[in-house]
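Following are the structures in question.
What follows is chain A paired twice: with chain B in the first complex and chain C in the second.
Up next is the complex of A and B:
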């Protein structure tokens, strides 16, 4: 009981501190700005530690099996292993909202302490806006989803954590994703602060770009970990499903990617400022919309935890206030930003602009597809789900031109480009890519689909041009003797975008090949049966039964042979969790760079005869390899020093 | 010029809001079934328990409930108490459609939690389920004596469904 009361008091105090900090926006001109800023900073720090403490308190309630707390009783159980008791803290709606606010509060804290390059008045406004968002979500938690609500009498034992979430992936996937999601509040707060200020300096843009990159890093890591988890652990047989919740995280990612590129232009050329500001607002709006879609249960999704209209109404109200306000502010004030937009068609900024437009169009196409079931049911078009074919179609035809544009974009110059200088290396690399794509497909796969050749060629083109760009960058400095000086002189922004583009290329290769050349078998097997998939023979040896602390399982034993030589043992499982009697499938996967073999147990159709799913997925690991390159690329952004060009 | 462009999001956003707001009032699990008001499809299978043949004709003659379930479906476990209760209290029979399940799991499940069903159609490959337009277990159909589908409930049975749909339909019939 005491935990519940302390928890409620903590949440109320945090709410009060955020409210006071929000007010600094209105009072900043009555006192000196550095005084108000110091105060805001102190309150932000205090409120962060209070929220952190309430989060720790909730984890403590989980670890000590305190079932008098309703949320703990609903999502934990005495037999649950300790690590999952801890991760259950954010395993369901209430706790995950608390984590959301904790992370938002952490980002706010970072802004409070690392914004020295911004004028005080901008920092104060940013802290005020971010604290307003914290305030809104804290009241949301307290009134509609309080994790400290009690239950009386306390049950003997809890209802257990959803078995789907009893997985190491859950421990890290939501926090990473939330770091990315919530991080978009920084560009948002910046955008609103700038709109009030009506002036922006390249130095501030440079500051923002680093935070946006960091946010992008977390969002990329969160999304890809989610897909890795679905593929490797959940046994869903794929890595991306165009589920509403996946789309909800993908849309802010696309806009953040566009924002990174547009900020580069804004910083370098002092143009497209109002476009960058708009993307900043959009990224956060889409994050909020995503939170709403997930939390209201408005769309049917594999991730849906809660279906509670009251919660939906609250988030929707908040969402319409904050997005509506910022869009109207943008409409009124954006034209006052100094924004000359002088550019020629033959320049880097123009190609980047095209990329921005494409990314925005893709985002809206995905938004339309995601909301389509809602629109259709509202307009009585019947309940239709648009589904993967739509998304695959639009993403293929909108992403491909973008990937093609990546290579010239890297080589083109700002302002006025010398076409003659770049046309020769680009054409030769493009022809080389076409030949390579053809040879690779012909040797290892099959020449059957034109689209495979095209996307492979574009991807290889992106990789080759990026490698060539790094090589060029190093060669310029080859005359410098000292290794240290040579390293210092490397243009890290080139290294960074080359790595990111190599990552995209590798990712596209993985998606294309695994998509078009996967083999799938769904067969019935008795012990002793064998089957061939690609050039590998799979033998079913039998089933063994195992018991763990919180579940019992049937484990299929499969051996793989290649040219009659034993290679591996696969142990796919079917688990039955003790408390909720849920059945979970654990696939067995052997991964290598060239291919994955994936075995999942189906049902026992008759005695000893099992339905078995066997997949052969070539190059699927390239997907996550590509993501690693992209994540790695962000590291260099923190070292690059871009110089703003003179008009 | 720029002022005009910035109006576009201000116009689009309320439109999206309206759809969200209307969508919020609707339950995403309600899927209209084109089969409502039509007769149940013809099928022939075996009874899970007795192993005797069972066809669509066996469901005719009186009002009944047809519940789609499987041992692998967690929500079926949630609604099971309601079904056990109904089988005692209701005057009409409850039929089961054992959907994409296997004999051993299904019978073990019933012996663990009790069997509320008069008869159980064994549909191990889900083909009969497809004919019924089943989205996923559990689903429950209310049928009349001619085998017409009067109502379809998606998801676990709850008190709301029993009070607001099932009982009024049955009471209507017996008045």
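Up next is the complex of A and C:
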């Protein structure tokens, strides 16, 4: 009982501190700015520690099996392993909202302490806006989703954590994703502050770009971990389902990607400022929309576990207020941010602009596909679902031109480009890419689909041009003898964008090949049966039974042979969790760079005869390898020094 | 009218922008219209509201006692029902973990005759308490007065 009371008091105090900090926006001109900033910073710090403490308190309730707390009783159980008791803190709606606010509060804290390169008035406004968002979500938690609500009499044992969530990947997937989602509040707060300020300096843009990159890092990591988890846990061999909630995280990702590029232009050339500001608002709006879609449970989704219209309405109202307010502000004020410089069609910035527009169009197409079922059902046009073919179709046709343009964009010069200089290396690399794509498909796969050749060629083009760019960069400094000086002189912005683009190329290769050349078998097997998939023979040996702390499982034993030589043992499982009697499939996967073999148990159809699903997935690991390159690229962004060009 | 260099460029940009956006919108709308799948209840199917030989989604309850699995291959058949009518579903393949008689389900596939749906996909539920919103909605409309627990 005491935990619940302390928890509620903590949440109320945090609310009060955020409310006070929000007010600094209105009172900043009555006192000196550095005084107000100091206060805001102190309140932000205090509120962060209060929220952190309430979060620790909730985890403590989980670890000590305090079932008098309703949320704990619903989502934990005495037999649950400790690590999952801890991760259950954010395993369902209430706790995950608390984590949301905690992370938001953490980002706010970082802004409070690392914004020295911004003028005080901008920092104060940003802190005020971010605290307003904290305030809104804290009241949301207190009134509609309080994790500290009690239950009386307390049950002796809890209802257990959803078995699907009892997985190491899912311990870190939500926090990473939330760091990304919530991080979009930084560009948003910056955008609103700038709109009030009506002036912007390249130095501030440079500051923002690093935070946006960090946010992008977390969102990328969170999304890819989610897809990695889906591939390993859902037992369907897929890694991306165009599920509404996946889309909800992918849309802010696309906009953040566009924003990073448009900020590069804004910083370098002092143009497209209002476009950057618009993307900043859009990214946060889409993050909020994502939160709304997940939390209201109005869509058919893997993630729709909380069905509560009241929560949906609260977030929807907040969403409309935020989007409405910031767009009106944008319309009134953004025209004062007119670009001082001009640009030509034959320049890097123009190609980047085209890719920006493409990214935005893809985002709206995904938004339309995601929301269309909702719109149709509201307008009584019938119950409709928009399937994966729609999303695959639009992403094929809209991403491919973008990937093609990536390579010239890297080579083109700012302001005015000398076409003659770049046309030779680009055409030779493009022809080389076409030949390579053709040879690779011909040697290892088969030449059947034109679209495979095209996307492979584009992807290889992106990789080759990025490698060439790094090589060029190193060659320039080859006259410098000292290794240290040579390292110092490396242009880190080129290194980071090359790594990111190589990552995209590798990712596209993985998606294309695994999509078009996967093999799938669904068959019945009894012990002793064997089947061939690609050039591998799979033999079913039988089933053994095992018991663990909180589940019992049937484990299938499969051996793989290649050319009659034994290779591996696969142990896919069918688990039954003790408390909720849920059945879970654990696939057995052997991964290598060239291919994955994926075995999942179906069910016992008749005595000892099991339905089995076997996949052969070539190059699927390239997907996550590409993501690793992209994540790695962000590291260099913190060392690059871009110079703003004069007119 | 004499335009200065800057306005000329702006007009060019605007034209490129409008062209690319309308091209993309055309593509998007075409893709959307080709890939919309309508959801029907068994009663709507029996009443002839659903088209034949077109991909549709059908949702309802897996009728108790109707699940029939062929022991020699992966052919499966079952009825999906609502309060009034039932539709036979044929499917070949593995079923999701939480599929079961008396539980809510959504399948997608093609009606090859008025009462028979050839399913290509049986949609997985991810939580035993979770009900596809379409099915929950249908139950609220059609089964007022019937205890929901009977259908768990």
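Rule of thumb we're sticking to: the second predicted complex is superposed on the first by the 643 of 647 C-alpha atoms of A that agree within 3 Å, B and C clash if a C-alpha of one lies under 4 Å from a C-alpha of the other, contacts with A are read in each partner's own complex, and residues count from 1 in each chain.
What we mean here is this: a contact is a pair of C-beta atoms (placed from the backbone, for glycine too) under 8 Å apart; a residue touches a chain by one contact, two chains touch by 3 or more.
All values derive from a computational prediction rather than experimental measurement.
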Label the relationship between chain B and chain C on chain A in the superposed model as either fit or clash. clash
Looking at the overlay, does A:389 come into contact with chain B only (first), chain C only (second), both, or neither? second
Chain B versus chain C as contact partner of A:369, first or second or both or neither: second
Going by the contact rule set out at the top, does A:346 touch chain B (first), chain C (second), both, or neither? neither
If you stack the two complexes on chain A, which partner ends up touching A:605: first (chain B), second (chain C), both, or neither? both
Could you tell me if A:328 is touching chain B, chain C, both of them or neither one (first, second, both, neither)? first
Could you look at A:312 and tell me whether it touches chain B, chain C, both or neither (first, second, both, neither)? first
Now for A:584: first (chain B), second (chain C), both, or neither, which partner does it touch? second
In the superposed arrangement, which partner chain does A:139 touch: chain B (first), chain C (second), both, or neither? neither
Check: chain A residues flagged as touching chain B and also chain C 297-300, 307, 382-383, 580, 582-583, 603, 605-606
Can you list the residues on chain B that touch chain A in the complex? 2-3, 6-7, 9-10, 13-14, 16-17, 19-29, 31-32, 72, 74, 77, 100-105, 124
Residue numbers on chain A that touch chain B, as the complex places them: 274, 278, 282, 289, 292, 296-300, 307, 309, 312-313, 316, 319-320, 323-324, 327-328, 330-331, 334-335, 339, 371, 373-375, 377-378, 382-383, 580-583, 603-607
Okay, in this complex, where on chain C does chain A touch? 6, 9, 12, 17, 20-21, 24, 27-28, 31-32, 34-40, 57, 69, 71-74, 92-95, 97-98, 106, 108, 123-124, 126-128, 130, 132-134
Which of the residues in chain A come into contact with chain C in the complex? 162, 164, 234-236, 297-300, 302, 304-305, 307, 342, 345, 354, 357, 361, 364-365, 368-369, 372, 382-387, 389-390, 393-394, 397-398, 522-524, 580, 582-585, 600, 602-603, 605-606, 609, 611, 613
